[in-house]
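A, B, C and D are the chain letters, set down in written order, and residue numbers restart from 1 in every chain.
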Amino acid sequence: MSNYANTKDELDSLKERLPKWLEASKSLSTGGKVASYIPELSKAPQQALGIHIIDASGDSVSAGDCGLSFTMQSISKVFTLLLALMDNGEKAVFDKVGMEPTGDSFNSMLKLELVQPGIPFNPLINAGAIVISSLIAGSGPDEKAERTLQFFRSLSGNERLQFDLAVYQSESETADLNRSMAYFLKDNGVLEGNVHDVLDVYFRHCSVQAQCADLARMALVLAYDGTDPITGVNLVPRRYVQIAKTFMVTCGMYNASGEFAIEVGLPAKSGVSGGILTLVPGRYGIGLIGPALNPKGNSISGVHLLETLSKELDWSLF
Amino acid sequence: MSNYANTKDELDSLKERLPKWLEASKSLSTGGKVASYIPELSKAPQQALGIHIIDASGDSVSAGDCGLSFTMQSISKVFTLLLALMDNGEKAVFDKVGMEPTGDSFNSMLKLELVQPGIPFNPLINAGAIVISSLIAGSGPDEKAERTLQFFRSLSGNERLQFDLAVYQSESETADLNRSMAYFLKDNGVLEGNVHDVLDVYFRHCSVQAQCADLARMALVLAYDGTDPITGVNLVPRRYVQIAKTFMVTCGMYNASGEFAIEVGLPAKSGVSGGILTLVPGRYGIGLIGPALNPKGNSISGVHLLETLSKELDWSLF
Amino acid sequence: MSNYANTKDELDSLKERLPKWLEASKSLSTGGKVASYIPELSKAPQQALGIHIIDASGDSVSAGDCGLSFTMQSISKVFTLLLALMDNGEKAVFDKVGMEPTGDSFNSMLKLELVQPGIPFNPLINAGAIVISSLIAGSGPDEKAERTLQFFRSLSGNERLQFDLAVYQSESETADLNRSMAYFLKDNGVLEGNVHDVLDVYFRHCSVQAQCADLARMALVLAYDGTDPITGVNLVPRRYVQIAKTFMVTCGMYNASGEFAIEVGLPAKSGVSGGILTLVPGRYGIGLIGPALNPKGNSISGVHLLETLSKELDWSLF
Amino acid sequence: MSNYANTKDELDSLKERLPKWLEASKSLSTGGKVASYIPELSKAPQQALGIHIIDASGDSVSAGDCGLSFTMQSISKVFTLLLALMDNGEKAVFDKVGMEPTGDSFNSMLKLELVQPGIPFNPLINAGAIVISSLIAGSGPDEKAERTLQFFRSLSGNERLQFDLAVYQSESETADLNRSMAYFLKDNGVLEGNVHDVLDVYFRHCSVQAQCADLARMALVLAYDGTDPITGVNLVPRRYVQIAKTFMVTCGMYNASGEFAIEVGLPAKSGVSGGILTLVPGRYGIGLIGPALNPKGNSISGVHLLETLSKELDWSLF
């Protein structure tokens, strides 16, 4: 894995090559579409593409539109899973969500009706992530959301991470399909508590605003098995990071995860804002933004850029 | 259709034969189950079976537990459809609900996701009936529910028909699957207005309390194409009654409608309370109650009794 | 039902009015498509429309392209069902096929996999009709097909009915989906015997060539409960005719049966050749051909013409 | 990855520990079921459990019933995929099969009907593997099967690998569901050629008889990116091995692949005979047999043994 013995040499080489690769991928963005089902998201710049790569010493390389802020959306689901595991343990979590990819769209409800016992197939599809939101400890939605935000801040080393209230509001107002899913899960006996409150936590963690460097730093903690290599602080037990990375391989890129595993071969999670968080185990954390999406909901230019990186530098796990 | 030239002779003959048939059917109730998903419904007497048959002159025959009061549940959907047709016309209604049986359970959401344009297949499954509730005219849920109740009163000739508030409350508290469906329909752009308000109207018309004689009288109006033959008052345009009767044949008995058409051959609508409303066109209105249900949700003894009647008296339309 | 006291007067009136109605419906055929999945069928004239209506005295009226010969295709399924019932009785038949409409396309396999015990939902969808073909008595496919043809000849009073070998050959060569279905049914334990032989019988009865007058005469037997009113010969027990007519209402027009019941209200069966067989109980047998199909597989101009007839003459059963 | 710096030390330690672990896992076999849908398979000993682990120097450790011969069944699909890739290249193969896990049973046909363009989701489910069989070069089924066998022999270094004709015969006689699938694929335009011939190749490669040591040696070639480390001969291009290993992670253990990735974390492929082929990249090839299956079709004791090994020795890729 990787053509370079150490990350320093590789990052040096990337400083020169990355901008060209980024330009080549950026041209694909005209073939994608910025998400519009959450109205606030549709304001994102279609042509933007930015990437930030950081290693354990804190050295980094970046290219493109890294100054762009965006909401984490589904990327947050990796970290709420970690928090729910830390709050509840493996058994309690996997009593309520499964471990299998679905082959269906991330917001499909088919398997909830067709496959008994009617629990979500995995924690990274919407139904699963809503159940995970219900498992975060706290006395009410405010405390749960606040704990989540603090956890994200500690992982990113960025104390200024905040909710984007306009996106939160916009998502909350247009989230009838998520509401439908939550009530279905409640009827199935999977979701406990007040549906409105659970969804409120869910909408809030999806609306955490970040930049590429924040995602890269969060990913770096995963690349180093739960310990921030820059501070040396252990933030997540290694086993939970292993679980999260495995889900990122099998289910992280919606129902294009199989193809991404073959073409890129790295644990990754995408969001409808066009963000992708990925990592090279033991080497790098990577954050990327490219708002134009392909038909399966992943950044069209972002996926292309990651394919280039993985193939040129031999990064695939497989 | 029918072995008797006139209804008077037939009713006379029934006075003797009906009690025996009813007893034979009643014994089947031990093999059924009283609905329990709405807690309040589970209090109904499992062994009960009652039937009331009325003709155009107001002559009637009844047998069994006709003094039992029960909520109309899905039976009400035939009449809210009529009201929605009278309020909106055919075109507006059938822009939002289809005309086809589904082959699925009455509360299935599969086809809403799988079959474009994502409108309910027909107005008698839950999804369709919720849309129909949204189409009833009125300035708010109270007025819509009140208009519905008044319509039911005029059809039954019983001004004392009322909502059963305990059942309404019980259904409202346990209706997460209906909530899920309503939000899905809203997301699909089929349901307009406030979901809570629409469901409130829906739960209320399901909770109208009636007895067999009330259902029989409402059915009699359908048997006479919209005109109450006892008062001579036209209550519903004939075309809308034709539409309703056709749906009762193709979709009235949940996903056992096909079998009921073959074994009984009459327009009918059942409810989870165990009620069945059916009719012999141009002859009778019939109301029946038998709370023990078969696996598809129809009164187990009630269906058997109607099979006996139809076969002995040659009542099938076909 | 019907605006006319006797069929003679009605037929007289139709002689004048029918040609105009037919012309109006015929213009719709440009919006439909001739079936092409069986290559031989694609040769049919897109603009053609013909209808033949016959009463119990043998009086008839016809209009349009009644000289056109076409294959019965799915229309044959009504009569193989009758033959299988006569050969095996109700119980043996309904152990292997259900009585419910599906809401799915006629060649869908979804419910065979999703709904236990994996028997076809009804005898008029392809899966069901294949099972019915396997139940026709006879020592081998030749004898079974021959018995079927003789039965069709007796019902139509036309001893010259024959298989259209070119269509049979064409269908047999392109029937991979039907083969898939048959093997699935065999795996489910529903279909017995050799798949190739069963399908051979199926393809042959679908390929029986007829004209509108033949269909009308076959329908007339159903309109008179199994007795040919012209010869007085009883050909099918009344109960089996009742079963067949009920299926024609609930499932006869593919997954547009519900709409046809509401807009026309008569028992009917369509075929992909563009034929429709329908009847007015106690009055008429009707045969129709119009090869241009609507998206659900029914003759686009034919359905329109039947709507006109039913509405103008008040023919609906409901 | 792995607690040991070199494989020699790890294998030495395993000689002592493996038999105990195997005994502990073996006791689970009473809770599983030997596959019976292919009658010949049902003769396998339910209690058996054997494992063979080999490293690049040819050193190996084995335990349990390694003398048992069994058919490769679905394990063969990894290698027919490799052969099809070598025969046709990536593009031609992935025009006809996708790259995504399905979440459905390995023999489900739902997505072939529901998801356009109706190609199998991946090459390791039955539908996909049948398409792959059709892509193996050769002038007819005999040559295709022979080429496949020769390829398996070269990978295993065992020139005596043979088809088990009794299993082949048994499978061929009971494979109606696979026939159904093949005809569906032909109708969808995905499968070319004669269905009987394609399935003949498929049944034959499923019936190749092997022992644990054979699987281990084949897996070793994958663990070393296509080059047999013992002979130094390159047998498969590295990119194709990468593709195969990725599919083994996302789809190799039927619809329990997600859970296996989380609990074991190694590329693996199971078969209904109870065999599992897995590997530790750059270290070991592993072959395992345990005929008693869990409800998802994987060796119940075998999966448990691999979990123990992975957790005790820290083998997960993630």
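Here is the rule we use: contacts are C-beta pairs under 8 Å (C-beta built on N, C-alpha and C of every residue); 3 or more make two chains touch, one makes a residue touch a chain.
Not measured: the values here are computed from a predicted model.
Here the CA centre of chain B is 55 Å from the CA centre of chain D. Each chain gets a centre from the mean of its Cα atoms; for chain C and chain D, those two points are 49 Å apart. Centre to centre, using the average C-alpha position, chain B and chain C are separated by 32 Å. The multi-chain contact residues of chain B, meaning those touching 2 or more other chains, are 114. If you sketch which chains touch which, the chains form one closed loop in which each chain touches exactly two neighbours.
Contacts between chains, counted with the stated touch criterion, involve the pairs A-B, A-D, B-C, C-D. On the side of chain C, the complex with chain D involves touching residues 108-110, 113-114, 176-177, 179-184, 186-187, 195. The touching residues of chain B, when paired with chain C in their complex, are 98-104, 111, 115, 121-122, 242-243, 245-247, 249-251, 255-259, 261-262, 265, 267, 281, 316-318.
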